[in-house]
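First comes the structure, then the notes that go with it.
Chain IDs A, B and C follow the sequence of writing; residue 1 opens each chain.
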Amino acid sequence: MTLLQVRGVTRRFGGLTAVDDVSFDVFEGTVKALIGPNGAGKSTLFNALTGFDKPDEGSVLFDGEELVGQRPRDTVRAGVARTFQNTQLFEDMTAGENVMVGCQARQRRSFTTAMLRLPGAIAEDREAREEASRLLRLIGVEEWIDVPAADLPAGIRRLVEIARALATRPRLLLLDEPAAGLNATETRELVQTLFRVRDSGVTVVIVEHDMGLVMEVSDEIVVLDRGRKIAEGPPRMIQKDPAVIAAYLGGDEEDDV
Amino acid sequence: MNAKTLRALAPLVAVAVALLVPLVVSDRFILKVFTFAGINALVVVGLALLFGYAGQVSLGHAAFMGLGAYTSAFCTVELEWPWLLGFVAAGAVAAFGGLILAIPALRLKGYYLAMATLGFGLLMSLAFTEARPITGGVDGFTGIPFPSLGPLEIRSAASLYWLVWGAVGIAVLVAHNITSLRPGRAMRALHGSELGAQACGVDIVGVKVRTFVVSALMAGLAGALYAGVVGFVSPSVFTLTASITFIAMTIVGGTSSLAGPILAAVALTLVQYVDALIPGLPRETAQTIQSYQEDIYGLAIVLVVIFAPRGLAGLWKRRNAGGETP
Amino acid sequence: MSEFLQFLVAGLKNGSIYALIALGFTIVYTATGAINFAQGEFFMLGGMICVSFTELGLPLPVAAVAAIAATAAIGAAFELLAVRPIAGDNPLRIIMVTIGGAVVLRQLALHIFGPDERALAPFTEGASLKALGVAVELQTLWIWGLTALAVVLLAFVYRKTTFGRAMRATAIRRDAARLVGVNAGMMVTVAFALAAGLGALAGVAVAPLTQTAFGVGAIIGVKGFAAAILGGIGNPITAVAGGLMLGLLESFAAGYFDPVYKDGVALVVLLLVLFVAPQGLLVRAGRVKV
């Protein structure tokens, strides 16, 4: 079934149209990649999809629910989670504690319950701890659970952020350039992680530059250039698409948004 | 009981030790000094939550203390309410003040929030000085009765000490519960990365509001206790300098820690009264130390921020690597 | 009518002082994105150092210039010692270090100059000018003249000199500025020195009218910041406009209502602007980063 329906999303900054009438669908249980040359509008689109920015036009339907106009907290509650290009970990907290914060999205016990240290709050805490442990194990980085985020190596940081996003129990996970700055080994681990995530039932949309990773991991690819969608389809097809090749290799050398 | 739990219990143990002091010390003046240390510690526990954990700058925190002090004074002297009722009213008024200040905190970040709190503090200072009919103006409010719990009046140095440190104990207990459970993680997340916290579904608005309210409440109750202990309040107590002193105590004590700021609060209060505590100290030395007090605060802030940004607690944690903080 | 004009004059006089402080905030803000909470202390130091120099026997004009230069140097030292070591853009740390630094500067002034208020002689002795039923003190004319001079000089430096262009470049994109050879670090130090100099100029100019003491820094800093954001920070023109506006608001409130409201006006303006329109009243929303 179609989990995410992006229709006519447009975002302008002053005179510049960063995202221009972009539409595509994402089917449940698949991995969809968003690629394009620098300045194609990928991150802007991302922000628009997750409530961190509001598109000027268009709609984003997630399982029938309109996401445009919602705040990030609401989109998380709806089941859409994201990571950031510049990992936004909580530096002074351990990897485990970072993931535990992700569990907050579903937790219901009140502030007062915590203040008074009522059994409900303690139980909830224990559950969060166990969940964090489980997710870090799933991602393969459980050994780092008690290490402060500031001390984590770059590749591990990415993975911890993914684990934290998974803690919100999303149905759709949006990853913003997870392979940026990773070496070959770390990228391999990331690929394995993405497969594990998809196999656990989470739909994935990934913005990425690393073509190898994209080809290996995606079921379908959307190509953006200068804010517009220029191609969409399975990896084999995209590889041969002349418009895509032109966008990456030829044309003007402008540096846009 | 493992090392983690021991560290988490540190502030509670510290308070328990503090409660034993009057059994050993009988000098009324020394007890009074330690009582003031307790009052400052109570303010600082709240400020540690707001600033140390949640990363929200409050440069006017003394204003909340003043709100509590004046409310308690007004209720007990003018309205002749029982002390306990005035105590509760003090907390309520201060908490309301915290709620008001939380509103700009939702929109403003960093420098602008800091300035807003600074402006708020100065405005309250002005209000305390100018609202003569309510606050007694520059001359202050005199004749504030001793605290009393029902028919029981609390007048002796030891009992006042226990009242104050008992309050500190309860505050520490509550703060410890908050910080070791989900709300504490939410605060630290907010401090660490507001974007990241949003992406985790943290209720940013709720965290900010609750933290401002709880910290203002604690400062307000401390103010009410101050009024009862001293019997007299004036605007010169709740100044910008006082706010900066509390901030200094929190920063030196360290981020994401309760024990650190409490220790810093006690230590820096003791410095203020050094001549009372060390009877053999020559007059000039004592006076020199006291006149350089604020230099110490200012320098301490600068040095800690540059060289040890996580304060004493941070240094302590680095020596015993990893794990959750007391 | 003459009452109105009197308040107008007083408002424009104080407003000029606030404009200079606001300019100080703006210069540091545009160079670093930071608000320097010690800005008010430079105002205090300007006045205090000038008084001390005159007491040491220096003629007033020399003392004034020397005091401004000395304070500018202190501003530069402040940046190098306190702000520079805090690498990166962590607002919380910069706020705290400038607050702590402000306390240190204030205490230094207390220890060196003592707790008493000090007065400076007016730059020109003589009776106030009378025109249109209003008395204008000669010192007020000095304040207006010096403020206008400072603003014109600043505009000239920023627009017409290579140095000024370098500063603007640093303000817009620090990394890009570095690429074209601008020493971004030095630009920041200079920005602090300039801001301190402007603050000191204000302090020296107004010292003959209101006595100066070691503790005046905090409130004047807050007022100057209120003026800066009233117009909209990031723009020297709006900073000056904000200063004059604040001065007038204060003056009319104190004149027509109660002098006790004077300080309160600035604080209320500060909080209102922050609550309602943090980008400033004269700046169209969205164009200035908050």
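Everything below uses one rule, namely that a contact is a pair of C-beta atoms (placed from the backbone, for glycine too) under 8 Å apart; a residue touches a chain by one contact, two chains touch by 3 or more.
Just so we're clear, the structure is a prediction, and the values are computed from it rather than from any experiment.
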Exercise. Could you find the chain whose CA centre sits the greatest distance from that of chain B?
Key: A
Quiz prompt | Middle chain, criterion being Cα centroid separation | solution = B
Quiz item: Approximately how many whole Å separate the CA-defined centres of chain A and chain C?
Solution: 47
Quiz item: If you average the Cα atoms of chain B and of chain C to get two centres, how far apart are those centres in Å?
Solution: 33
Quiz item: Using the average of all C-alpha atoms in each chain as its centre, how far is it in Å between chain A and chain B?
Solution: 41
Quiz item: Which bits of chain A are touching chain B when the two form their complex?
Solution: 50, 52, 71-73, 76-77, 81-84, 88-94, 97, 100-102, 104-107, 109, 111, 114-117, 121-122, 124-125, 128, 146-149, 164-165, 167-168
Quiz item: Across the complex, what residues on chain B touch chain C?
Solution: 55, 57, 59, 103-104, 107-112, 114-116, 118-120, 122-123, 126, 130, 240, 244, 247-248, 251, 291-292, 294-295, 297-302, 305-306, 309
Practice problem: Write out the stretch or stretches of chain B touching chain A in their complex. | Solution: 174, 177-178, 181-183, 185-186, 188-189, 191-193, 195-204, 206, 210, 255-256, 310, 322-324
Quiz item: Given the complex with chain B, which residues does chain C contribute to the contact?
Solution: 34-35, 37, 82, 85-86, 91-97, 99-104, 106-108, 111, 218-219, 222, 225-226, 229, 260, 263-264, 267-268, 270-271, 274-275, 278, 290
